[in-house]
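Presented sequentially are two complexes of chain A, the first with chain B as partner and the second with chain C.
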Partner chain A sequence: MAEVLFFLTAIGAITGAVGVIALRNPFYSVLALVAHLISLALLFLLLRAEFVAAAQVIVYAGAVMVLYVFVVSYVGGTQESGHRLTKGFKLASVAFGAALFAVLAIAILGSGLQALDTEGAPYQAGFGSPREIGKLLLTDFLLPFEVASFLLHIAAVGAVTLARRRGGLETQGELNAYTALDFARPAITGTMAEAVGGRHQRMPEPGAGADASPAAAIVDSEPSA
Partner chain B sequence: MNVNWFLTVSALIFCIGAGGVISRRNPLVILLCLELMLNAANLALIAFSRMHGNHDGQIFAIIVMVVAACEVTVGLGVIVAMYRRRVPIDVDELRELQG
Partner chain C sequence: MSPQLAVVQYYEPWWIQILKAVVIFAIILQLQPILIVGERKLLGRFQGRYGPNRVGPYGLATPLADIIKLATKEQFRPDTSIGWMFALAPVISVLTAVGALAIIPFGDTQDIFGTDVGLYGLDVSIGPLFVFAMGAVAFYGIMLGGFSSGSKYSFLGSMRAAAQLISYEVSQGLALVGVVMTAQTLSLTEIVHAQQGMWYFIPQFLGFLIFLVASFAETNRAPFDLVEADAEIVGGYFTEYGGTRFTSYLFAEYINMCVVSLIMVTVFFGGWLLPFGINPPGWVDPFIVLGKTSFFLIFFIWIRATLPRLRYDQLMSFGWKILLPLATLNTLVTAIILVVTD
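Here is the complex of A and B:
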């Protein structure tokens, strides 16, 4: 029974992987990846990793793939024209993949690990259950757990910053606008807005010169800074 | 099933992903191929975890999934920013850093 299930899911996973790289339309590639991930979750179940399999289906095939689908439908899923991609280049990539697989297969077959030919350690009840994983995450692996949460936080902020409506620096109006923080700190404290010539850069008094526009003030103040 | 079989499937998926990274030019599909490679590594980690009867490999796989999610969010953010600036979504066209 386990063998049948293994071969079915392994074929499903490999077919999904081939579909990801072979399909022309990125939207279908994403769908192939969803099929691949679900087959992989079944393989994880065969390896008695219940919690990881559940997380794979819920987090990966659920949340992350929905993000992909949104972006593909937003960007438009442009099909690759492929006219500049020569046949030789494609053959070279296939040859590279085959060579890499040969190296890995030699590594697997030639390794001295005797346990590779067995089914692994005897199964104990509760192996891979959320209870065991949670206990480890909050005791032995507390630091990686916290670092991972921090990394997720940084990635979320970074994604929002990158994909804002207007990338890059603020406009001149925003740079000169006052926020609540500006009244709570001294004038020149070396903030980033000051570094790029924003607020609190010493502006010429309106009417001091004929060219007292903000843009001219920025250009004038840069050499003196 | 022997652990060998799982490792072989993992190696095959990794190589398919590596070939895809080289041969495709759409950054979206390249991100998908990176996902393939990370998942192949996850499969190997969990197979070794089963082999040793130890949970450490599964924890490692969960952390890899977190890192993959971060990579996807930032990568998709970059792609959306590229689309908004009307930059062609094609890695062969993006050669400004080439000098």
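Here is the complex of A and C:
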């Protein structure tokens, strides 16, 4: 029974993973990823890691992938063709793929396959239960846990900051103001003005006697490339 | 019993497990026609009219007529729809709704045919997380249904569903954390046992209120039924559905209503326990649970007849700016009280 379930879910996981990269339609790609994640959750269930399985479904299939589906169904759905990629980009992707394959092959051959002929670790009662995982997260792995949550927090704050600028560009007053970030970060890494092709330029206020309007400032600062 | 099974306490023989699955499904399935006719009758009374009273005595056979009508309708789908997804989406909705029933405890362990049988499908160590996982997958039933219909109204409905379910799932989950911390367990049967002295809706009243409100949003019931707001987007995600596929969506929605009511009864209202030290024999337990559940089901209908639908921005700001901070505060205060009194 367990073997049948294992092979069913393993085939599901591999099919889903292949589907993610093989399907041309981004919406189907995302759905394949959902199928893959749910298959992984079932594999976790077979390992008696009930909490991890539930977390996998709730967090990945339920929250992260929902966002993907949301975005793709709004803007995606078109057939994404590959001929826009330049030759250098293709070569680089092949090189990175080969490197990743080598790393994974070393890891799998080095450790994972050793367990093939053994019985595996014995099952202890309580293993993988929410209580045990909670204890581990709040004692042994407290620092990584907190760092990860802090990282997610930063990502959330960053997303809100970006999304708040409905107009896309800063006002001239904001462009003129100096902040600590202006000195701490490299160019072309910060503002929305840069993201849409402008440079971070400081101009006099429109009412202060100069004839340069904010619109002109943006047109002036078209990237030379 | 083999030693492997003894370790994980799967003590029930396989035929009992199949029997339980069938019985639980059949009972909840048979509740749905009663629920539907009850809703229509009650809505009628709330609005100063009789409600359905033509088919059968007091109109009680109305759901039967409804089902015959829906089942004999033509299977139709628009030209612009995506066929396999259009057919799959209602199946996902029903599967996840029924799947969530598996962990609801209807009673304590009983002696049936000489074997110990727990009156629940499964007693998993993750408890409510199982229901949330099912709810997470149920989202795809609504989302794919709306997307594959190939119509604007359906698409808008499924987009609303996506935003709404995500927003309120967080508060719903956080509202239960207080209970889990108090009971020191996630297993639903043990949560019920932990309520011997006092039902959790007294110490966790705020948590109960948050869970109640979030449940209305999670089941797409009024006043949070923007997903299928008929005045704005026709029928929302199931605009293009008809016949048995539409019935499946309807069925899933009512089952979900039953599931959240059962969860509320289990987690906040003592499950099969009775107050004042009344201790009835074990076979009464399921009836106690179902009796308490019917109170919440009637409450769902009552609210639908009473409150107007929220606007979309109200829905979002209520979920994120009021419900979520309150749920977090509830968790925090519960944790502090538990640590102080420990």
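The rule we apply is simple: the second predicted complex is superposed on the first by the 127 of 225 C-alpha atoms of A that agree within 3 Å, B and C clash if a C-alpha of one lies under 4 Å from a C-alpha of the other, contacts with A are read in each partner's own complex, and residues count from 1 in each chain.
FYI, a residue touches a chain if its C-beta (ideal position, glycine included) is under 8 Å from a C-beta of that chain, and two chains touch if they have at least 3 such contacts.
Please read all numbers here as calculations on a predicted model, not as lab measurements.
By the touch criterion defined above, A:130 lies against chain C but remains apart from chain B after alignment on the C-alpha atoms of chain A.
In the superposition on chain A, no contact is made by A:106 with either chain B or chain C. Between chain B and chain C, B contacts the larger number of chain A residues. Touch criterion met: A:48 reaches chain B and chain C at once. Contacts of A:142 after superposition on the shared chain: neither chain B nor chain C is touched. After overlaying the two complexes on the shared chain, residue contacts for A:73 are found with chain C alone; chain B is out of touch. Contacts of A:57 after superposition: chain C is touched, whereas chain B is not reached. When the two structures are aligned on the shared chain, A:155 is found in touch with chain B, with no touch to chain C.
Residues 48, 51, 55, 63, 67, 74, 123 of chain A lie at the contact with chain B in one complex and at the contact with chain C in the other.
Only residues 27, 31, 34, 38, 41, 48, 50-51, 53-55, 57-58, 61-63, 66-67, 69-70, 73-74, 123, 125, 129-131 of chain A touch chain C when the two sit together in their complex. Residues of chain A touching chain B in their complex: 2-3, 6, 10, 13-14, 17-18, 20-21, 26, 29-30, 33, 36-37, 40, 43-44, 46-49, 51-52, 55-56, 59-60, 63-64, 67-68, 71-72, 74-76, 78, 80, 84-85, 89-90, 92-94, 96-98, 100-101, 104-105, 108, 115-124, 127-128, 132-133, 136-137, 141, 144, 148, 151-152, 154-156, 158-163, 165, 167. Of all residues in chain B, those touching chain A in their complex are 1-9, 11-20, 22-26, 28-29, 31-33, 35-36, 39, 42-43, 46-47, 49-56, 58-59, 61-63, 65-74, 76-81, 83-85, 89-90, 92.
Residues 4, 7-8, 124-126, 129-130, 132-133, 135-137, 139-140, 143-144, 147, 155, 158-159, 162-163, 165-166, 169, 185-186 of chain C touch chain A in their complex.
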